[in-house]
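Shared chain: chain A. Partners: chain B in the first complex, chain C in the second.
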Partner chain A sequence: MSSSYDAIILGAGIVGAACALECARGGMRIAVVEGDVVGGGATAAGMGHIVIMDDSMAQLELTRYSQLLWAELAPELPEDTEYETTGTIWVAADQQEMEEVYRKQAVYGQQGIVTKVLDRPALRKMEPNLHPGLAGGLLVPSDAVLYPPCAARYLLEQAVRHDAVVVPKKAVRIGNGRVELNDGAILESQRIVNATGTAASDLTADLPMRKRKGHLVITDRAPGFVRHQLVELGYLRSAGSSTADSVAFNVQPRKTGQMLIGSSRQYDADHKEVDRSMLVRMLQRVQQYLPGIADLSVIRTWTGFRASTPDKLPLIGPYSDDPTIFLATGHEGLGITTSLATAKLLMNYFTGSRSAIPLEPYLPSRILLEAQHA
Partner chain B sequence: MHEPQPETVQIHINGKSVRVATGSTVAVALTLTEQACRISVRHEERGPLCAMGICMECRVTIDGVPSRLACQTLCQPNMDVRTHG
Partner chain C sequence: MASVRQHSFDVLIVGGGPAGMAASSTAAAHGHKVAIVDDNPSLGGQIWRGRSFSSASKRAADKTAAAWYRKVQNAQITHLSGLRVFDSAQAGVLLAESQDGPNSQYGQWELHYRKLILATGAQERFLPFPGWTLRNVLGAGALQSMVKSGLPVAGKRIVVAGSGPLLLAVAAYMRAHGAQVVEICEQASMGQLAAFAFGLLASPERILQGMQYKLQLLGTPYRTGCWPVAAYGTQRLETVVLSDGRRTREIPCDYFACGFHLVPNVELPALLGCHLKNGFVEVDPLQQTSVPDIYCVGEPTGIGGLEQALVEGEIAGLASTGRVEQAQPLQRERKKMQSFTERLEKAFALRPELRRLPDAQTIVCRCEDVTFSQVREYASWRAVKLHTRCGMGPCQGRICGTAGEFLLGWNANSVRPPILPVRFQTMAVAPAIQEIKSQNG
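And now, the complex of A and B:
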């Protein structure tokens, strides 16, 4: 028995769900293959920070485009998605980091992104619970937060409204226009999109991706304890490091009044259990910036795995010698933000229409080419 | 020889006196008096679920300290317990 579709999306995390909606809305006949909980993988371990990042120009373009798409979608998101334009404050610990604040402001400004430099008193006024010794920060008012599993579920529901079919099975083999499921059934399509996060490597060989473990902590409710998503300026150093385990101060106010605390990064830690040493390092880091947080109670801790690529950019588009295989993975810690732009870029590629930003920096072939020249 | 313990202990739940058997947890006292511990973010009443300190659903304020686990705290004489904190 086999069924044929215009595209088959593997994985109903936020990236797969976004791709399914975009393609279904464009009139394509879509199947989404997800054998587990919708948004239960890396999506459930993402903070849900819709954030503009500038590790590279390509990252800046993709995150900015995505953030605008989220802002456009926001009015129709259901209440449980908890979307809120909190803004981000990139916190500068000292004068040296204030230099980085000005550099960042200039880069964002060139892209037309409004930011505001905060000196010590201004930072203190906006976030009184931050350590008084911190030098200042950069406010990016357009950044937002949301609850990723509910956002993924909503996107998938919308895809279904546009006649997408959800297949609650696991894909075990893909290629040559065929997806073999764990019950032996076969689905057919000339476009098979592997959007299974870190699991993408199980279905597509030789992906240039590594698992990068992260921890999250959520506290009891303390409304107003912080008002913006607060991230240390050294975050990019932590995220950008390609070897050592690292932690960075990253705290998000949830709409519920809870504080969501990140972030840690570990390569080659395959077990899902919480690593107490990483958790301790993370919480110590947070306390350096927010001493008063020690009075709040932690009620949950959990972990997840980011799909990271060598150049910190996702893999979007065709891959390998098989013209029926496409990728939408490798988003590392930015998949919640960049899911919507990923879907647009993929759909534009399928229809041959012009995309709002160039796809080239995210094409999987960029890494293959680099490997050939290395 | 140690003193024989009194058979019951009196605590106060939201200002009201409650007497329970010595050795009872606060969760027991709340259950006997049919009271929830807290209100969830979705406005639902929550109370002891796992009774072993894991689920965190039985948080109450005890002697002014918020987020104490009712299932992990033994009733002490004149303890002040506040729910829905």
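And now, the complex of A and C:
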């Protein structure tokens, strides 16, 4: 027995759920294969920061485009998604980092993104709990936060309203238009979308992806302690590094009044246990920026794995070895932000319609070809 | 900035109740370096703390307690009181937090051990019903603790309900403090309890205990097969509604003490990787867990009450210090007690009607204000947590998770550090483990 679909989406993390909704809304017959909790993988370990990032022009375009899509969707998101346009403040520690503030403002400005430079007093006024010695920062008012597992669940629910079928099983083998499930059943489609995050390599061989572990910490409620998502300017350096373990100051106010705290990055750490030395480094970094946080309570710590690619861009589109397999993975730390744009680009590719931004920078072939020729 | 202190012990006992006291005083007998760590300022656990016992007492139970207090006092034991164990840094090292000063001064403690004995006790099980979050609706043990720390209850009308032997002890305690205990409601049926009481004939000690309570509670109705279904009040509790399955009665009262027997505190054992079975820590006849050098005693291995806790403590105290042969007679004693534990479990098994206690609007998770209607559609504890925030608050699901295990069949045993909320500054202290290693080597 087998069932046939216009597309089969593997994985109901936020990327898979977004792809399912986009395709189902476009009239395709969709199956979503997810054997675990919806949004329970990297989605649950993401901070839910809808952020514009400028590691590369392609990253800037993708995050910007997706942020606009989130803003469009925002009015219909249910309460438990906790969507809030808090804005981001990129915090500059000293005058040297203030130079980076101006550079960043110029780059964002060229894309029509409104930002505001904050000097020391302005920063202090906006975030009184930040260390008074910090030099200033750049406010990006359009950045937002949300609670990812509920956002993923909402997107999937909407896909189901558009007749998508959720198959609560695990895919064990894919290829040549067939998806074999853990109970032996077969699903068929000419479009199999592997959106299983870090697990994508288990189903599709030779993906140029590495797991990158991260730690998260959440505090007890302290409403108003911080008001924007606060990220140190050095964050991009930490995120952009491809070798060393790193930590960066990254604090998010939740609607509950709690603070969600990141971030750490470690390659090749396969166990999911909290690594105390990384955790301590991360917390000490946070205390440097927010001294008063020392007296709040930590109620939980956990870890997750990001699916990272060599050039920090996701893998979206056809996989060259098998014309029935498509990828929507490799989003590293930006999957929540870029999920909606990923879904649009993929659907544009399926229908052959013009996409809002070029797909080329994210096509898997850019790296796969390189790897094959190397 | 939190300070850090390091200490190293041959045997470290977590929990200062009877099981921990028995374990520590037994282990300390032969010059081993022993410490007992507890988050309370004084020893005794929920059962003995705040009371005084005399060896001249006519009551056998008091004599036993007095004897163990004396043993602990006479032994060489480091007593680390007021310390909350919150995490394990690595095998052989626990982390704890102390409050060192009035103004947010906290300290981190690194407790190194060769052998670890977990005597973490149990807590009450709460089940949500409409009105259970009203002011003055409290756990039975919780109300007792509050009276111990000074809450006046003289002349107050108290209804005690739920399940388990604790209800009797709490009712007697309230009576002794001048409260008017209106009635005691045990959800278990007379038939269930009668079978249990018959088994008690083999144990005169327990019958005596039961009779004492009976005398103290003279005049207070003890109803079996009766359970709470709602509590009402505008600002605070005014009445409770009790049911026997056929009819309901509304009883005015000032306090409602309500607990449904006990659930073991297994967060630390689980964090350390000890194997659990049916919610309890699995141990061998020497009280060893599945993790080398870690023992577990008392309620976390099975709700068996005081005597079993003491014997298990002694066995672990001996076994952890290499005196396995001396433990043999105690092991036989413990084996006999195990049938008591099993009977206890059967006698106070929760009736299925209690699964229907919460209505759609009843809060299940008090930390995050999650209602029963929000959680009942989910299949797993993890899904509930992720999608509703149930169990994500400061209590880490200790209350709603155990309730959900009974109500909805969740398997709520995921543990993440810290096992209880801890100050940011304490968590941010770098481990000094390397230092102590080089000192030793």
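In the analysis below, the second predicted complex is superposed on the first by the 371 of 374 C-alpha atoms of A that agree within 3 Å, B and C clash if a C-alpha of one lies under 4 Å from a C-alpha of the other, contacts with A are read in each partner's own complex, and residues count from 1 in each chain.
Simple rule for what comes next: a residue touches a chain if its C-beta (ideal position, glycine included) is under 8 Å from a C-beta of that chain, and two chains touch if they have at least 3 such contacts.
The model shown is predicted, which means the values in this text are computed figures rather than measured ones.
K.L.:
Using the superposition on chain A, decide if chain B and chain C clash or fit.
P.N.:
Aligned on chain A, chain B and chain C clash with each other.
K.L.:
Per the contact definition in the header, classify A:Gly39: touching chain B only (first), chain C only (second), both, or neither.
P.N.:
Only chain C is touched by A:Gly39; chain B is not.
K.L.:
Once the two complexes are aligned on chain A, which partner has more residues of chain A within touching range, chain B or chain C?
P.N.:
Looking at chain B versus chain C, the one contacting more residues of chain A is C.
K.L.:
A:Ser56 contacts which: chain B (first), chain C (second), both, neither?
P.N.:
Neither partner.
K.L.:
Determine, under the contact definition given at the top, whether A:Ser320 touches first (chain B), second (chain C), both, or neither.
P.N.:
Neither partner.
K.L.:
Just checking: does A:Ala294 make contact with chain B only, chain C only, both, or neither of them? Give me first, second, both or neither.
P.N.:
second
K.L.:
Considering only touches as defined above, state whether A:Leu279 meets chain B (first), chain C (second), both or neither.
P.N.:
The second partner, chain C, only.
K.L.:
In the superposed arrangement, does A:Asp220 touch chain B (first), chain C (second), both or neither?
P.N.:
both
K.L.:
With the two structures fitted on A, what stretch of chain C runs into chain B, 9-17, 63-71, 99-107 or 135-143?
P.N.:
Looking at 9-17, 63-71, 99-107 or 135-143, the stretch of chain C that collides with chain B is 135-143.
K.L.:
Return the residues of chain A at which the contacts from chain B and from chain C coincide.
P.N.:
220, 256, 296-297, 299-300
K.L.:
Show which residues of chain A lie in contact with chain C when the two form their complex.
P.N.:
37-40, 44, 80, 149-150, 153, 217, 219-220, 256, 274, 276-277, 279-280, 283-284, 286-287, 293-302
K.L.:
Using the touch definition up top, name the residues of chain C that touch chain A in the complex.
P.N.:
On the chain C side, the touching residues are 1-2, 87, 89-90, 104, 368, 380, 382-383, 386-389, 392-394, 396, 416-418, 421-425, 427-431.
K.L.:
Which part of chain B faces chain A closely enough to touch in the complex?
P.N.:
Within the complex, chain B touches chain A at residues 41, 56, 59, 66-67.
K.L.:
Which of the residues in chain A come into contact with chain B in the complex?
P.N.:
Touch residues, chain A against chain B: 220-221, 256-258, 296-297, 299-300.
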